[in-house]
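Can you keep this structure in mind? I'll have questions shortly.
Each chain carries a letter (A, B, C and D) given by its place in the written order, and its residues are counted from 1.
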Amino acid sequence: LADRVTLDRLNAMDAASYIAALGDIFEHGAWVAEAAFHRRPFPAVASLHAAMLEAVTNASADKQLSFIKAHPELGGKIARTGQLTEASKAEQGSLGLDRLSEEEFQRFEALNTAYREKFDFPFVICVRRHTRDSILNQFERRLKNTPDEERQTALREIGLITRLRLVSKVDGPGAPKTDGRLSTHVLDNVRGKPAAGVKLALFEIGKSARGLLLETITNQDGRTDSPLLSGAPLRIGTYELRFSGGSYFTAQGYEASDPPFLDEIPLRFSIAEAEGHYHVPLLMTPWSYSTYRGS
Amino acid sequence: LADRVTLDRLNAMDAASYIAALGDIFEHGAWVAEAAFHRRPFPAVASLHAAMLEAVTNASADKQLSFIKAHPELGGKIARTGQLTEASKAEQGSLGLDRLSEEEFQRFEALNTAYREKFDFPFVICVRRHTRDSILNQFERRLKNTPDEERQTALREIGLITRLRLVSKVDGPGAPKTDGRLSTHVLDNVRGKPAAGVKLALFEIGKSARGLLLETITNQDGRTDSPLLSGAPLRIGTYELRFSGGSYFTAQGYEASDPPFLDEIPLRFSIAEAEGHYHVPLLMTPWSYSTYRGS
Amino acid sequence: LADRVTLDRLNAMDAASYIAALGDIFEHGAWVAEAAFHRRPFPAVASLHAAMLEAVTNASADKQLSFIKAHPELGGKIARTGQLTEASKAEQGSLGLDRLSEEEFQRFEALNTAYREKFDFPFVICVRRHTRDSILNQFERRLKNTPDEERQTALREIGLITRLRLVSKVDGPGAPKTDGRLSTHVLDNVRGKPAAGVKLALFEIGKSARGLLLETITNQDGRTDSPLLSGAPLRIGTYELRFSGGSYFTAQGYEASDPPFLDEIPLRFSIAEAEGHYHVPLLMTPWSYSTYRGS
Amino acid sequence: LADRVTLDRLNAMDAASYIAALGDIFEHGAWVAEAAFHRRPFPAVASLHAAMLEAVTNASADKQLSFIKAHPELGGKIARTGQLTEASKAEQGSLGLDRLSEEEFQRFEALNTAYREKFDFPFVICVRRHTRDSILNQFERRLKNTPDEERQTALREIGLITRLRLVSKVDGPGAPKTDGRLSTHVLDNVRGKPAAGVKLALFEIGKSARGLLLETITNQDGRTDSPLLSGAPLRIGTYELRFSGGSYFTAQGYEASDPPFLDEIPLRFSIAEAEGHYHVPLLMTPWSYSTYRGS
């Protein structure tokens, strides 16, 4: 984020520099930046974003439509051949949508085709807030919308996409909240203390899931030194935390059966709020455990 | 079990009929039945078994050894070609040891060879009390024993094998406990009532696991109409219960996120006592769950 | 219950014997028994009760009112001087309403007076289904009813009173369910086994509560040999179970602080369904516990 | 704490000012301050305290004894007539030991007499780390010690007393940890969110307990705005948190029975580590709750 421009500088720029700086926040949408230019100065990053969104909302239905049409397909041929804007490339690349297996590519192609046939514009979604399974799930659901509902949905997603792009580009007060957080905490209910040194792994699970995301270990407070996920939107999808309970209990010298009743302890949950805080603790003994969404 | 002979009838038989009836309880061990014959009458099935075991214990080391050697290898060529005693065939077949994949067959062959080289007798284990993973685990562990320890272990396993064979053949009072039980109970902590109509599946998990064992649904009391496992020893190994929590909560009309925080809820645990009762309940809300070994 | 008459005998009796047998089920209400007489034979105790209730429901408003008026006041002077029907005496006596402290007597007097002034009939409630606190609570709530609502409520309570009286007097199939059950179960989550030998006490709590109801100890299965409460309706009210967790953990040799984090563990709950089953388990370690309404 | 002297200033003082400043840290023990004077400068408050304690440890047995004897009795006549040093007055006053009921006074008198008869010096304990029940409990236990054990115990308690006095008087780096903390957190497991607006009260319980200590309410994060107890040692003893669960659930519109199964939820626990952090959360639904020592 070293190259971010400050809001103060933006507020002081002439139109040309300003549009150069913000012209690619909205996909092929320099006009959006331009439309918001005269409303400077912006006291907060959020109000700059609101002004840009308003420009889209206030545009004619035709202009909105051609604007939506300027977005690339997801996992489509353009992505494969690398002919995306820088921002779209990074977004689709973050989920590997530019390097799908043949089977996955066919599935995206089929959905893209069906979608374009029904709506005559590409499927737009804020990729950074979703797992691949969640995108495919949204794809199928949104195919059932009416064209009008779907145009509104596309604009809402563009709001989410551009909010993220703007925050990554502009440094200033009043930035909208765009990141989520996933954390855990392991408690040892045999001794009433944090369970330190527990190995754990986080998996994304599902048909098209990325699998293992990270492995770590609990510290003296039974937490991880940094959140499991943070600094970005959480991807809506299904996850599993797997805790090496058995080896912790053995290391503590707790009585256990052979094999131990509990060894690897899986907690499976889904994330629905990309900007939310998910705290998923584990309270455990060699013979019991519980979890809940905490805070 | 329709063809079981009663203990009373056994107690009244002449030697020939008696040996005909019990001669195959101990593998190629009519002499064991014979040795126990003169100690009739037996007041309990357990005391008949004890008398037979004593005959083995009191035999000379040489006789014990040649007796152990008369047992077939596990998952070996004999099993493949079907040249097993009826009892061994049923036991090995119950785990599919007579139809291993090539890779598994090679693994058993390697272990059998290493074991025979070290101990000069086949690896004996009460197959009905184990999963394949547990057998392979025991195999590797027992390879580290001394020959003397291992001879004792083999005799203990023969005790377990023959206890099961005897109970399936003889009907009478004082039968030793040979079966275990796995049960569950699902509680809905939002409404303080049993969770009825929850779909659940039981899996055996692990590298060589059998996978899905059964699917069922909870009744009005939040239990299953019959135990998940019963009527036989539990197989020592690792299991996972998967409960369709999400669809239950939806059916109840409970508020949930999209996707729901909890959907399929996995409880993973290992069974160590083949003749024990494992009660593994699930207490749940759309945002929390807990489990423990109950009773 | 040794003197109960069978439903078969009742069905075969002449009118005089029949009325002699059932005339006091409804307070001063031989006419109710009489009215139901011609509907014999009754296949079930519940249908006999339903027929009697119908006689009341079908009576004129005047007759209903004078019938309700024939009931004694609760905790009133008549109770004090012992001039109650046998059934009412037993019912009020079961809660000590015939031996109230002066202060309690005054409170009942004030409520009885206010009630009679508003409704012109005595407050009728099925005493056996309530604690004193619950009766006082109902008294205050029902004072806010309209006369019509309250007449209906009184008739419903008479239904509950007579159902209990009938079941205690008539032995036969199809008896309505009139008893509730309170049970507990203590699990030791350190060792994954029932907590045996845990002392526990059950208290009724509240301003006018009876205090300690019973003390007992858990058996090998972590349960009590008989339910904590059973064989009668549960009294609607607030209760507390107190478990001697600390001495159990000490006896097990579990590590604990001095004083132990958990010693006497109180579980406080209210019973609302007099005929329900309340299962209130305790899952505990020296540093954690949980409870829930089980089944 | 506005009048505290800085460690820097202390390190720079001449002997007379230094002794004037620290002479009353050890009860009637200006000599202790004096003995540590020559070891200046002290890099940390803890090392100043250690130097003073060493002066006591290195004193002759006679001097130690007469030093111990200079301490006042607890809850004794001197306390009643107010003839205590300022520090002792504040310490004993914090528990109301200077205004005991007649019965309590007699109990302290009896224990003081028995103790003095056995040991010939007064019972010394760091009052600020105990509840009255805990002091009485310690009194009875320590009466069973040998004189030698008890002299060591008295010196350890003097270490704890003077550590607290020093920290309240001297401002500087490296202060020993003297305060504990009690906190809570209420989670609503029906909705998977913090339970905000839950009223709760903290009680000290036991025969001589102070009863209600504070009432508060949970904030948006389900926590209290400040810790329940902090900024001082926790008093070793037994406590109860009572949460108004019922009114929270009603306010949320959750289904409940009448009366609600859970209304006031008591969590009872003891504090053993005066300088520890006790986090005692409550996870609840209208039909279940759990607690544990968290972190």
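One rule holds for everything that comes next: a contact is a pair of C-beta atoms (placed from the backbone, for glycine too) under 8 Å apart; a residue touches a chain by one contact, two chains touch by 3 or more.
Worth saying up front: this structure is predicted, and the values here are computed from it rather than measured.
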Pair joined by more contacting C-beta pairs (A-B or A-C): A-B
Longest centre-to-centre distance from chain A, chain (CA-based): C
Chain centre separation (chain A, chain B; CA means) in Å: 47
Whole-Å gap separating chain A and chain C, where each centre is the average of the chain's CA atoms: 57
Touching two or more other chains - residues of chain C: 189, 192-193, 261, 283, 287-288, 290, 292-293
Contact footprint of chain D on chain B as seen in their complex: 189-193, 255, 261, 283, 285-288, 290
Chain D-facing residues of chain C, complex: 134, 137, 236-238, 257-266, 268-270, 272-273, 283, 287-293
In the complex with chain D, residue positions of chain A that touch it: 185, 187, 189, 192-194, 221-222, 283, 290, 292-295
